[in-house]
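Shared between the two complexes below is chain A, which has chain B as its partner in the first and chain C in the second.
Now for the complex of A and B:
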């Protein structure tokens, strides 16, 4: 017996275009996520075998010690939260700038860039996975800083809004990954990589209000700080510690952190694609 | 059937300084059949690597077209990348602190292979290239030959139908190079096509079905490897070396060469390193020269035809260390 489906013309039996597109999109999404995850795991293993990637974890306790010593010496218990949070944010920034910025140049020096460009996947996805792993090492600096304050100085930092604090840390990590991606693109395209890496720390610590409140900066500088996710993160983390983050300002801060991170991620992916296109055009794929 | 590789009027230039253009490939046209091992010979800076890079999509041509298995290398980059494997020679290009297996697992992800497939293929390829016992050792402990084999394994992970090998056996010891060549021949038997850029004439002679000579970006000639000697004409030659046990062997060989040059069937006598080549008028002349040499106690003599190396040297020219 012939089924009605078999009697139908071939074109009519085809899977609808929209459904096929949906299946292809899902397949495409699955391998993209899988690629990012495998790049993340690669970097995790590489970082475990490169002790220099954990240098920030040696530096963070010393930063906490210095900042807390200054705070306590000045009899400013209100600034303890800033002294404990700052090394964590600095850890994230150093990871983004120093280590994530090296991901692509290291592949170029080691001759791995050419086979990567020859592969049929966007290099940007590999870089995202790798910078995410590098940046997340910096998150551990928050925990270290808290422990140094508690065990070294007997100052247990109590977080009055733990839910907000976790949300703020998560948003800050995502924004750090996006920013690290942007920095990786900028540094890879730049001819002055070392100069950039050495000079981009303090401007962002200042504009991010990481070490001191933004109110001490000249008024004309302050609008610039709104473009730096660290400024929103620092304020939100301090507010979470003091229990003063609520409603509209909380939502605005979270949205600003995520939006700035997303914009940086998009910019970083665009720059990485541009890096590959320029290298193919100029014949510099094999250059270190 | 569509050729494995078809390059037409392919040109690549670099701007070195203002109004100073370097031509790396100069309107090169080349076709490589499917299931062929094609050798690309030329001196340093001839354009071999430039061609390999364009065909593997890591470099854009300035003009002209190139297709791999029917796909344009500029317009259909993704399709070409899935079909070709790029194997670069040298010590670099791998994650030295990772094991061989972990390297392959990562590179497999770049070819959209799922974790299970890439694990199975990595194990099979490590076995095939003789690295199964060292699969869990960091690559930084590998010799150059082992790294080369790992490069080949990486190039084969996604089962490409066309492989571009750039100096794959440079620096390998003879045993490793022979094993590497045997592997290439096995892979060809599985239906793969190879473009082999090399300086090694013995390698090209042993492996390639056809070879192309390029210099200064221009294709000088393409022919079957077996026919290459004919490029220099159907010349008859006899090669001999001096007898090392004789007193003053070099001087004796020199005087033999002078005497040979006076024979009517000899057109020329030239020194090629530690041997001498006698060019004769015809096959009968070669026979007479061989007999003449044997009568004079020269026991290392043979009938010869121009080798690929001679064709290369005469076509490209002896330019010493200049590029």
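Now for the complex of A and C:
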């Protein structure tokens, strides 16, 4: 017994090109997601052994205390939301800058970089998965900050538009992963690695208006703020808490956060590829 | 004594050499110093957004003085490095003893702390529209130096924790100055906090020094200022004592159990 395919001419047996492309794309997508997930799990195991990766969880309650005490001392209950949201945003930034930026250099020190480069998978996807795990730790800072406000100061922050708030957090996390990827690339390629990690915190908290509106900054600085995803996230999260995020401005803010995150991700992946290519070309893959 | 001072001097040279591996004068100025100035401005701008110029000045002064404390406590990282790099046993067997090296290991951070807090003291108040009353503001500078010195003792004492547990030095450092920034009267007066918390905070460095600085700027009676300066000096001396006892115990236990060369 023979199949009908064997009796038909070869050309007729071919699966249509579009269908084949679709199947291959789906297989490729599943494979890529699986790769990112495995990298995510690897980072979770590594972070569990490194207490310093929990640093932001120690810092966030103290930061909330400082900001909230100042806000309440100034009798400005309208600014309580900013004081509670800011440590969460700072947590995401610290995770991106401090830990994600160290992913590749730490691999080089620990001797993991060589097998990773030799493996038949794109290193950029591995770094994306690992950076995502690290950034997720930063998200917990939001919960900590809310708890400190509620238990320490008796201020229970109520979110008037919870749907928008969740969307804003999700978009902010995605943008953080993209930004972390870019920072990981820049920091790995830079000779002033420690300087960058130590310096890129407060300038961005100011530019991002994480705790005060951008109108507080000098007018010549404000255009730069629009290039920092934190500025869009901070405003959107505050609006979600107050229930004032609607329509066009909401869509614009979400689009801006995602676009800035995507641009940073693309830049980070390009830098990671460049890093690997340069290391292969120069024979420095095994160097710490 | 002269011998010990020479060893501290050598440890300081080593510290600056170590620092030179990370920073050039350009990256220090346009990276680290700029970051510190932004940190102070961040809180001062929040103060100006929330309240009047009085609140802005309160927050600004607090955060400038806290720079001195923050940089001094970085000694935690330098000291923890001795154990991670395996040099602690060498210090313990050195004829000069380990304490002079131990105490000189982070002097470079006191120096940079002095420079950064002085730059912030001179530049930021006029820039943010809350100028300090000169020449009275100059009298506060020796008190800021005292804060640097007392915070350094506090950092050395807490380094004892980082030397005993591997991988926690950054947690210890951030906790060390984090609680001072949160509760030490930097952004809000101490009276905001409950009495039991205030009683604990009294034993932290910076707290009395900062009150002395605020007293000088506000033209408080000399007796009040001197009492706060004396309290700051006493607190600092207490932390040096804790640091000395902690290091002595670490080395003696390490010698007895043969664990001094363990990386924590």
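One rule holds in what follows: the second predicted complex is superposed on the first by the 281 of 288 C-alpha atoms of A that agree within 3 Å, B and C clash if a C-alpha of one lies under 4 Å from a C-alpha of the other, contacts with A are read in each partner's own complex, and residues count from 1 in each chain.
Going forward, a contact is a pair of C-beta atoms (placed from the backbone, for glycine too) under 8 Å apart; a residue touches a chain by one contact, two chains touch by 3 or more.
Computed from a predicted structure; not experimentally measured.
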>> Using the superposition on chain A, tell me whether chain B and chain C clash or fit.
In response: fit
>> Can you tell me whether chain B or chain C touches more residues on chain A?
In response: C
> Looking at the overlay, what does A:50 touch: chain B (first), chain C (second), both, or neither?
Replying inline: both
>> Between chain B and chain C, whom does A:281 touch in the aligned arrangement: first, second, both, or neither?
In response: first
>> Looking at A:59 after the superposition, I want to know if it touches chain B, chain C, both of them or none. Which is it: first, second, both, neither?
In response: second
> Regarding the shared-chain residue A:196, is it in contact with chain B (first), chain C (second), both, or neither?
Replying inline: second
> Between the C-alpha centres of chain B and chain C, what angle is found at the C-alpha centre of chain A, to the nearest 10 degrees?
Replying inline: 90
> chain B to chain C: minimum CA distance in the overlay, Å?
Replying inline: 13
> Where on chain A do the contacts with chain B and the contacts with chain C coincide?
Replying inline: 50
> In the complex formed with chain A, which residues of chain B make contact?
Replying inline: 12, 14, 24, 50, 53, 56-60, 77-78, 81-82, 84, 86, 88, 90, 92-98, 102, 105-107, 109-112, 114-115, 154
> Of all residues in chain A, which touch chain C in the complex?
Replying inline: 50-52, 54-55, 58-59, 62-63, 65-67, 69-71, 73-74, 76, 79, 192, 194-196, 198-203, 205-206, 211-213, 216-217
> How about chain A: which of its residues touch chain B in the complex?
Replying inline: 31, 34-35, 38-39, 42, 45-46, 49-50, 110-112, 114-121, 126, 280-281, 283, 285-286
> Quick one: in the complex, what on chain C touches chain A?
Replying inline: 22-23, 27-28, 31-32, 34-36, 38-39, 41-43, 45-51, 55, 59, 167-171, 174-175, 178-179, 181-183, 186-189, 192
